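Pasting the structures in now, so scroll down.
Look for chain A in each of the two complexes below; its partner is chain B in the first and chain C in the second.
And now, the complex of A and B:
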């Protein structure tokens, strides 16, 4: 009886460990303070943050998603650091983006890596719309 | 009095008929196929062919899926492989799904999925800039890119960019009123792309926009002033007007709906498939299908129009014979000692070919 209880206990603890391992990236994401990863002092004023690290083109789904957004001034767009000011101007013109557009950095990539770990995606080259609540991630959608 | 009236009525009808047919009744010259490429084992075999330009006896063919430009030499009525420009990738000099090319003096501009790349004609890379519009229709004039604008929120027809990607100016006005509520579940950029699909070409002094689905041709000077505008659907006879009517019905009246299996289909009907400027003429290659007919056209026509007046001056035809299902994709023209050679890209069940024709 005792041996049986030990076996069940081991099995349960294994399951809990597995679940913790499996869910840890997403649990961790809930406690992320975005301002530690996004190099903007005025992060509070943005309700949405778009990370445009994937393919963005007007004939792709990502382009339609951007085109249909209400691009109010409370939207922050973060693009890869290799994009130059001319590219950013062209991005703004192509989709009539009204929000602020900034280059990300290594810390920004770390935040995206946390999200892709939770989503179990291998590639960092994705586009994300993050809904912010205070300094935490409330919700996000990949597009 | 009655005789005078009769004479007047008869002469009116004769004059009316003459006016009606004068522009559009030129006897077609049948072109002879003299060579096709590839045919030998060591020839270069295409995986896809989307655009073609001939410049200084060199043929520049765009290989969309192999991510490069293939250069051939035109030698003694033969096509001989020469070299590649660009290679697959995203770095400097690399290409990703190239779609259209344009040559100005000694520079080649390529539009691919990621932006514009510039090379010298010997293949040496110059620079590139990123774009977020996949629209491939453009022309390089001097140091400027003239690029078709498919932004539904912008009324300008053409955008002008410097070779480093800086926006310079707009040119021309869009001339179709598109009701996007007819295409609710469809990409609005894609709808604009289909409606304004065609060619941007130059003769060095003027810019020509040719709309392949609706037949509109507009000539601009390089300051952006409109010099001439015509609709050329009639030039292609009943087939041209049938395509025009069908496109008008789909894109200005009925709209598009998602099919039962959830797929979005964008019907493409071309009055002409490709256009090319050589000398003082613009050549238009007709499409493969006539609305209402089940099988593809058994012949392709090439209409030749004066660049000054956009009036029809000559007509050629290519007989497809038993291979009517071959698709024409693009073409290019070469003139050597008053002989005009036509190189036509064709997609057949055996693959892609460059067919060489002459008068």
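And now, the complex of A and C:
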């Protein structure tokens, strides 16, 4: 009986260690301060942040999802740094986006990398909707 | 065979170490798959061995089998049955990796993690590692003190 108790104790401590090891990227994400990654002074104004690093087209799912956000002003859109102002204007006009759109940088990429690490997604080229609460990530959806 | 005693492998300490080692390997391997069944199903799909209808079921059931029998083995419950099931799983994994090696497909093993960041190790390494994992299972199966009880049905 004593030996079995030792085994149960060992098992429980091992399980806790394994869980911590595997859930570390997601636990780490919970404590991320968005303002450290998104270089915007007025970050408090926005409730949602959209990272548009993936494919966006009119008729595909991502486009349909974006159309639903038209006229929402408490939204911040972050696009890859390669995108020029003319592309940003096109994006705004096509999807009737009212929120602020700006180019991301290496820090924003780091934030996306943290999310994809938790979600086990291989590629950084994804579209993400992040729901923000007190500078922390409350929830996120890939679209 | 009954009369043969394998002193070292029969030893209680060796058996306990084998049980804990194999059990912990499978518990460790199962946790990430339980949390990420969709990613695991994609890995199984890449193996191109199962029909699509079975992939999701396989991705959900296998990690739980690994975890439950890993825990049983670690705690010393049904050691032979658990060792048999886990060794069978290892054998299936070796066969799956071998088939893909013959096909020339370099797949993400998905053995311990569903993370795409995992480096794809070479197939020879995977097979040797899995063969090493098979050793404790075989030690428990064939050299354990506790005999397998086969209850024969009485003929009426």
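Everything that follows uses one rule, which is that the second predicted complex is superposed on the first by the 138 of 143 C-alpha atoms of A that agree within 3 Å, B and C clash if a C-alpha of one lies under 4 Å from a C-alpha of the other, contacts with A are read in each partner's own complex, and residues count from 1 in each chain.
By definition in this document, a residue touches a chain if its C-beta (ideal position, glycine included) is under 8 Å from a C-beta of that chain, and two chains touch if they have at least 3 such contacts.
Owing to the predicted nature of the structure, the values given are computational and were not obtained by experimental measurement.
When both complexes are superposed on chain A, chain B and chain C sit side by side without a clash. Of the two partner chains, chain B is the only one touched by A:60; chain C is not. In the superposition on chain A, A:10 makes contact with chain C only, while chain B stays out of contact range. Residue contacts after overlaying the shared chain place A:27 against neither chain B nor chain C.
Of the two partner chains, neither chain B nor chain C is touched by A:72. After overlaying the two complexes on the shared chain, residue contacts for A:122 are found with chain C alone; chain B is out of touch.
After overlaying the two complexes on the shared chain, residue contacts for A:131 are found with neither chain B nor chain C. One geometric descriptor of the composite model is the angle centred on chain A: between the Cα centres of chain B and chain C it reads 100 degrees, in steps of 10.
Closest C-alpha contact of chain B with chain C, superposed model: 16 Å. Residue overlap on chain A between the chain B contacts of one complex and the chain C contacts of the other is empty.
The part of chain A that touches chain C in the complex is made up of residues 3-4, 7-8, 10-11, 14-15, 18-19, 22-23, 117, 120-122.
Of all the residues in chain C, the ones that touch chain A in their complex are 16, 20, 24, 27-28, 31-32, 35-36, 39, 71, 74-76, 113-117. Across the interface of their complex, chain A is touched by residues 113, 129-135, 150-151, 153, 164-167, 187-190, 193 of chain B. In the complex of the two chains, the chain A residues touching chain B come out as 56-60, 63-64, 67, 83, 86-87, 89-91, 93-96.
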